[in-house]
Amino acid sequence: MAPKIGVYICHCGSNIAGIVDCSKVTEFARGLPNVAVARDYKYMCSDPGQNLIKEDIKKLGLNRVVVASCSPRMHEPTFRRACQDAGLNQYLFEMANIREQCSWVHVDKEMATEKAKALVSAAVHRVALQEPLETKEVAMNPCTLVIGGGVAGIQAALEIADAGHKVYLLEKEPSIGGHMAMFDKTFPTLDCAACILTPKMTSVGQNHNIELLAYSELVELSGYIGNFKAKIKKKARYIDTVKCTGCGRCSELCPTSLPNEFDCGLGQRKAIYIPSPYAVPNKAIIDAKNCLHLKGKANGKDVCRLCQKGNEKKGLVGCEAEAIDFDQKDEMVEIEIGNIIVATGFQQFDPAKIYQLGYGRLNNVFTSLEFERLTNASGPTSGRVLLKDGSEPKTIAILHCIGSRDANYHKYCSRVCCMYSLKFAHLLREKLPEAAVYQLYIDMRCAGSGYEEFYERLQEEGVNFIRGKAGEVTDLAESPEEKDRLVVMVEDTLVRRKRRLPVDMVILSCALEPRPDTEQLARILTLSRKADGFFLEKHPKLDPVATTTDGVYIVGCCQSPKDIPDTVAQASAAAARVLALISKGKVEIEAAIANIDEEKCSGCKICIDLCPYKAISFDEEKKVSRVNEALCKGCGTCVAACPSGAIKGRHFTTEEIMAEIEGVLA
Amino acid sequence: MKQYSYFPGCGLSPEGFGRAFDWSIKGVNKVLDLEFKEIPDWNCCGTVPYDTLHEHASFAVCARNLALAEQIGGDLVAPCSSCYVFLSRTNQYIHEYAKVKKEVEDALAAGGLAYHGKVKVRKVLDVYVNDVGYDVIAAKVKKSLEGLKVACYYGCQEVRPIFGRDHPENPKYMDKLVKALGAEAVNFPLKSACCGGSLIISEEDASLELIKKLLDSAVSNGAEVMITGCPLCQLNVDAYQAMVNRKYKTDYHLPILFFTQLMGVAFGLDEKDLGLKTSIVPVKKALAKFI
Amino acid sequence: MSFEPKIVGILCNWCSYTGADLAGTSRKKYLPNVRIVRVMCSGRVEPTFILKAFEQGADGVLVCGCHPGDCHYQDGNKKTARRMPLLKKMLAQFGIEDERVRLEWISASEGDRFAAIVNEMTEQVRKLGPFSGNGGGANG
Amino acid sequence: MPEAKTTTFIDEICAIPGGEDIKVCIQCGTCTASCPTADRMDCSPSHLIAMARAGMREEVLSANSMWLCLSCYLCVVRCPRDIKITRLMHVLESLSARSRLSNKRTTTPRMYKGFNKFIIRGGRISELWMMVGYYLRTNPLKALGMLPIAVSLFLHKRISLKIDKMKPEGIKQLNAIIDKAESSGGTW
């Protein structure tokens, strides 16, 4: 049947029509081969716009449709649906991107119009050769993998599990909880972080639908939405988690003393330890690098083992549960899931990079996270804010924007620092009513429910706000009152005075930055990243939790810095998306995939090695290659490489692309 | 023998106040087997005053030197920090601003010259530690400066605004050099602070205050000598030390040397060739053990 | 009026085409000489596409894919990169100047970079002048 | 009409290479906090930028601030907006000198002018004669006060009465270059 093409030029209000002369383009389209009708309309994506197409298909018997409007990444699904509604196969539709790639990027109206014509002509030439394709449906695996056991991952996991579906919760660290578990209070409501998070952590541990894979990492992913296969490494913890009761006696027996990560190194732990008071799973773990026995074992000696044997002198018995297993090895497990939620969070910016702030060089300069532990009742000082010498600070300066809003480090604003700095100030006023607290800020950014009110409250509480970014922290005293203290150099930009501010304690409100393993994870999951290093969402406005890889979602701070409410909201949003797919039970798989013409195939097997998905197998009898339609993702690499031209890349056939090139130059 | 073109600048010229730097560089180069070929009939880089009052010509006068250096070939070594900053800045602006490039080209043409932007500007210390290397330098040491406590004063323009070579506020490469010579680099927090530069003349009080801070910090950290790679830093801290003592009732006698002079001593060169006597605060006592 | 080169841009769907869209959404202005053809992966690009473009009167061809390691299909872009040198040899034989064909990696977040490359290449090709296909070429 | 003034002054600044940075300042004060001489300035570096953007031409160009810039570049390496403040200061100095608004309390402009004479005349600087010239122009008594330093410098062969000059043809070439550059207009 000869092609009968309908072409529709969208004004997109003035977005396109402002630069591109749509009537000229329409006129031009009418003159193109096989074009039965060409119209322009204000908003093609609107209902009346779509109805134009539907009616023409029915009335004029169109068998091909071209819409020239925004990017196909925006509205291709919309128009494909419109075609299908009118009984036209969705693969007989083609789009010309005359907004993102024309009217929005060009100023010369004439040339923009010429380009728009070319793009339309390309689409018309191409669509004429397009063939109807049937999308296949495959079953959706109802299991979900959640990567990251912070508040985001916990929220997502619980919502899916509570809906009755299996969730694998993957956590790099020995316990879930993430950064939130380290916090003391949360802004602006000041409810205690542990009080609201630990119940969730426990229910993760108790929920039968959740399989917690703590101290484990994702190493490989294959498959596609609905049918992923993930390879996961369970790192050796040298503890039989089934036997371990989490009594903690082993730690009492261990002779070592090491900096405790959970307390940012401000407190101590043993080489065998339970990560935190409310660890989930509440099981011990051995730090192999520092365990005397494991170190000895490496060079063939049998040392220590006090945790196992006990200490007779002190009359202490060792692990009665016999949970300690020095021979444990890393183990690989493979799981099958239908969807993946990435909730890997952030890492705190290392302020030691900013030499002049003295972190790591001068005593009593703390990071925000360190202060969280310092002020936390379960922290190294049981919640007392103390200087390194054990005394209480009389003056504290909180320095905003450390590592963020700074071209030398991160250009972006970390969004939460202003608020947690206010929270710190409140805690300080509460714990040390006599102490003077200074906030050194550039701009107070308190956008959120109850946030500005919290700011006002802190002003009432008598916190000193200095509008200026600290330039330097030094211990070089220039006056008696500065002696043996820290001096913060800052301009009070509101009174235009340079000040030397003598203080006892400096808290650096550090930026949130992408975790160092973001790049590696992006590769495993084939996700893109933004210029700032965080994961890239499918659409910043309309699809903020989805990604360009179907079936993979990003939530929380791995997408961009955000506070707990926003993080939890995203987690729930992603959970809802996953549940929707699970309840649908099926997933359409891409029809635009490779297909081998057995007649033409010479059996050279070149394609087999090229295929990144091992989707091509070789039929030994017929001596031809064959494509597994479920595995093929339609990248077309094999098509381009086949010496005998036997492989056809459906919807991207050589003929179609050639025609498009011809059209774009016509 | 590795070759470089050489821009002594006014400070290191035969009549300049930093001529001892020039002498000691030449001495050290012999030991390290380097050759610095002086740009024929070079002109002053113009530095801050020219940049501020004649910003057009300031690029052109620097470019003249670069053009002449290009004819010699190789990297251009500019010992004086200010010369270094302005010569390399000219390179940068020619690269970044078409209009600057155009003007500079026209101006040079008027003088029958052309510059193709091929010259890389370097500092002496940079050449020594990165092209020659600490180990080679250490190997050339005849009299280890063991026990000598040295404050390494980089000054501002040794490390700023040009990045890459070392940390712009906490550089270490002169400290490492001192270690290579067997001496000890004392902790010196103000190692990259400013000495007042040419404003010692017009803003004496401001500059003297800065110089005093430098002396306070260096001496309180036990320094017996201070070394620097900038003629202006050396001049200010050395020549104005007496004035600081008068103004602040202090009693400092801290010898201020060019790092090349200290290298020369460690290499066992003749003190005359190093111009140790040109220092105003006597250096003999501090270095007695080694010369 | 100065010569306006026609350049065909063949962009992969996941990184480069998204990057080109980003240039649009952030209203980054650039020269209108590049007309974009979308493929799923730069690995799909056949040498014949490029020859076809020149045969149809293109003055240059810009092929863009994801950065090495970021390929949505694991390593399709590497395969393109491997094909390129060969292709360039072939083009040389057809008398097609090296600068007329360019392979670039553009990530989904590099809208500015895409715009910059388009402008740069347009000027380059403008200098070369129209492609005549002399010395043979598909139409010679 | 202040508006018109605002734009023109900013344009004036942005026209000079390095001046354009002034647009992106967020007034965080890092430059002032890092500046060794900020305390002695009529208005801090960041204040100066704010005033410039408010179009306060006279106030800015007659301030002593930029003349107190030591070119130590500490502000430049710390500025969170990557503004080349030192360069900006030089730009303001040049505008100030050109518009004859230079601050009277600082003698730096005169020192600079004296310095520059040498470049034009001899192509090189003589510390001694420059200082002598400067002090005689500004404050002859001061010259006496400086005598001890001059003498000790002289005794230590640090300065000489001789002026190190370029060759005549070199000077000719240099001046040809300078004249050409200067002729290309006071502003860019």
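Chains here go by letter, A, B, C and D, matching the order in which they are written, and residues are numbered from 1 within each.
The working rule: contacts are C-beta pairs under 8 Å (C-beta built on N, C-alpha and C of every residue); 3 or more make two chains touch, one makes a residue touch a chain.
Predicted model, so just to flag it, every value in this text is computed and none were measured.
By number of C-beta pairs in contact, A-D leads over the other of A-B and A-D.
With centres defined as mean CA coordinates, chain D is found 50 Å away from chain A.
Once the centre of each chain is set as its mean CA position, chain A and chain C turn out to be 31 Å apart. Within chain A, the positions touching two or more other chains are listed as 356. Residues of chain D found to touch two or more other chains are 77. Multi-chain contact residues of chain C, defined as those touching 2 or more other chains: none present. Every pair of chains that touch is listed here: A-B, A-C, A-D, B-D.
Chain D contributes residues 26-35, 38-39, 43-44, 46-47, 77-82 to its touches with chain A in the complex. Only residues 356, 401, 405-408, 442-443, 467-472, 489-493, 496-498 of chain A touch chain D when the two sit together in their complex.
If you check the complex, the residues on chain A that touch chain C are 71-73, 97, 99-102, 104-108, 111-112, 114-115, 118-119, 122, 522-523, 526, 528-531, 536, 548-549, 592, 610, 612-613, 633-637, 639-641, 649, 652, 654, 657-658, 660-662, 664-666. Taken together, the chain B residues at the contact with chain D in this complex read 10, 13-17, 19, 41-44, 46, 48-57, 59-61, 63-64, 82, 85, 93, 96-97, 99-100, 103-104, 106-113, 156-157, 160-161, 163, 168-169, 193-194, 196-199, 201-203, 206, 210, 235, 239-240, 242-243, 275, 277-280. Across the complex, chain A is touched by residues 4, 6, 8, 14-15, 17-18, 20-21, 23-25, 27-32, 35-41, 43-46, 48-49, 52-53, 56-58, 66, 69-76, 79, 83, 107-110, 115 of chain C.
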